[in-house]
Amino acid sequence: MLATTRTAFLQRTRWQRLRSLTMISVSASMVTATLLLTLGLFALLFISAMEWIFWIGEGGSADVASRLRDIALARPGLESSVIGLVPAIVGTVALVMLMTLFVAPLGVATALYLSEYARDTWYTQLIRISITNLAGVPAVIYGVFGLGFFVYGLGGQVDQLFFSDRLPSPTFGTPGLLWAALTLALVNLPVVIVAVTEGLDALPEDLRQASAALGATKNETVFYAVLPAAMPSVFTGLILSTARAAGEVAPLMLVGAVKFAPSLPVMTTAPFIGLEQKFMHLGFQLFDAALFSTVPPGGIGWVATIALTLVILIALLNIVAMSLRSVILRRQAVDSPF
Amino acid sequence: MTDQSHQRIHISAQFSRELEGVRDDVLTMGGTVESQITKALDALLDGNSELAEQVIALDSNVNELERSISDQCMRILALRQPAAGDLRLVLAVIKVTTDLERIGDEAAKMGRQAVLLSEIGVQEKIAAQVRDVAVRSITMVKNALDSFARLEVGDALSVILSDDDTDEAYANAREWLLLFAEENPASLRVAMSYLWILKGLERIGDHAANIAEQVIFLTEGVDVRHLDSQNTRDLLS
Amino acid sequence: MDQQSKNDIALSIRDLSLSYQGNPSALKSISVDIPRHSVTAIIGASGCGKSSLLRCLNRMNDLIDGVQYSGEVLLEEMNVLSAETNVTALRRRVGMVFQRPNPFPKSVFDNVAYGLKLSGVKSQRHREELVEKALRSAALWDEVQYRLDESALQLSQGQQQRLVIARAIALEPDILLLDEPASSLDPISTLRLEELIYELKQTLTIIIVTHNMQQAARVSDFTAFMNQGHLVEFGPTDTIFTRPSMRETEDYITGRYG
């Protein structure tokens, strides 16, 4: 095998050999460059963050333990611009979870309709193309829509109907967790729909025929045979949208993320989640820290710390989703891509 | 219908060539056997022991052909799994070659008797009786082989029907020979030789009829073995 | 038709024609009685309509747009092609196995239990009994009894195809349609499948479409030869393969230019 490849290589013309050698070396150096860049970025982040976290000195914390507690839980006023990381982590996770709750059923239902029920006409083609294109719309535009439609439109209505006693101070008619989650759900809906639709389209026709031949109706086939088989692609869609939701900043500035929220949006007593509350978000905190704060001892330390936390959080969320998916894949005995 | 399909070529031309090859070999074998019995008769009637030796020598050719044909048939059965007309052709060929080989054996036996009798000299009167039966048998073989070559059901049927006449001619010749032996006890040994020859000729006629039956099986797909002539005719009509 | 011969007929096809977009005469006026407890093979060149015919018998053709039938297919008193026919009930009586093994990406047990759940077998214990029975009938129980929770896709191709048969016969159908069931199997798995077909015909009627004529000759009791939407010849398999009465049949089974 190797010998024949070798001979074939030697039999080519000089020019062909030169060309393929060039191609190989160019792509190899591209890969190396990309790897080095990524590694360098992480090293920079990591080193700056560590340097900053463990800085103890003039005007700072007394020892490492209190320094860490300050970084995690600090409130404004305690230390000039540092605002604790933990509330932001909680806010981000709550936002992502709530968004998943909205986007998963909506995206799956839409994909099922498009792929399994709707006839293949120019109209459904148009819808499919539009959805793919929506995935490319800048997220801040969704933010504007969210502010106009959810916060002022829907929120205003809800307040008039259920919370009129509190007016004119708004309850739901102001940016909050629910509206942020819904807005992000909209941002990610096209991603989920496209991923699930592709998953459904890739399922063999055999599967549907097998189900039909056993006397299953259309709906039974879709819910008992097709959807379980497409679960991995549902998770693929959710993994993609998780990363986006955790990292998105621009639309959140419009619909609910704040620099400092006096209370967490989740609580230990009913109703457990404050849908109308403003919340803190790592991405927003990063944006704020980078532009508006100077934290001793200066430099990019604080920003790097937030960035590192965000990256790790996204990685953790993805690992959870991926392991769920690989459990399903293993149950189905389809080779896991990981 | 089926006879034409043998001219229609298989999608695998190689398979067609193989079947054609077997058929050709059967016809070659038939030709050899036919010349064997013709020569045996001539040797007998002319007292030509040299010709008789040739007949005996030809038998090994016939045996060789039989072996080669059955080899080919086995290969076709194993590798091609023939169906319908092709299957019937292969089966018929296997049976036909067996009959041809037996005819060859009978011809060789006749040749040996001819060698013995040539030393004594030809008995004209007896020879005339033998010739009558021999001509009928040889004609049957010739016609049976022709019907195989052309896949003519009608010809095959008349071969089967003519077997009764051959049997009758044999019975007459045998009776005549018995009378002759009673009248000429001194020639008993010669008479016995001729009786052997007559019996052999009658057997040749039977084998020819068997070949004709296989032709009918091959072309029409019906088995007419062990039927009387009336039933055979009914089955074919 | 007297009572006796009526009992021997599993399926009666009367003047069946089929057309769909792109093929206005996929099947042309086909009439044939399929004998009960026997294996009937449908042979013919690609595109002769043999799969279309098979798919009429459990209305799988309904999944294609623009299909139009005429004539009737009688399964006892049920007219299979009638618009009032309950297709779900029909497909439970007429099972089908496809060309490629197509188990669901579920466990071995869930595959066989799929149809049972849909047909309303509620009790888990009852389901377990029926699944075991089906797997035993499909000659698969010995191989998978300790692997019931494993994914069906872990099984070999041959086992998968027998699993798919188990899935179909779990519903205790009267008729089992096999659409080139061995075309993706190796020779040994194919022989196992053929042995299984022989066992199964004791209890149900099997109709098999196959490209492999030797297979048709081996497994079937009756053979139907189709050409360009026509049923050319139907008869006992040994007659069809030794002395077919139609020239077209002879040419096809002996491999001559048609």
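To keep things simple, chains are lettered A, B and C as they appear, and every chain counts its residues starting from 1.
Just so it is clear, contacts are C-beta pairs under 8 Å (C-beta built on N, C-alpha and C of every residue); 3 or more make two chains touch, one makes a residue touch a chain.
Everything quoted here is computed from the prediction, not taken from an experiment.
A linear topology is adopted by the chain contact network, the touching chains following one after another without closure.
Ranked by how close its C-alpha mean sits to the mean of all protein C-alpha atoms, the top chain is C. If you average the Cα atoms of chain B and of chain C, the two centres end up 51 Å apart.
Mean C-alpha position of chain A lies 49 Å from that of chain C. Centroid to centroid, with C-alpha atoms defining each point, chain A and chain B lie 93 Å apart.
Residue positions of chain C in touch with at least two other chains are not found. Every residue of chain C that touches chain A in the complex is listed here, in rising order: 58, 60, 63, 87-92, 95-96, 98, 100, 102-107, 114-115, 117-119, 150-154, 164, 167-168, 171. For chain B in complex with chain C, the touching residues are 1-2, 5, 8-12, 15, 81-88, 221. Only residues 213-214, 217, 240-244, 247, 249-251, 253-257 of chain C touch chain B when the two sit together in their complex. Interface residues of chain A, counted against chain C in their complex, comprise 204, 206-207, 209-217, 220, 224-225, 228-229, 330-334.
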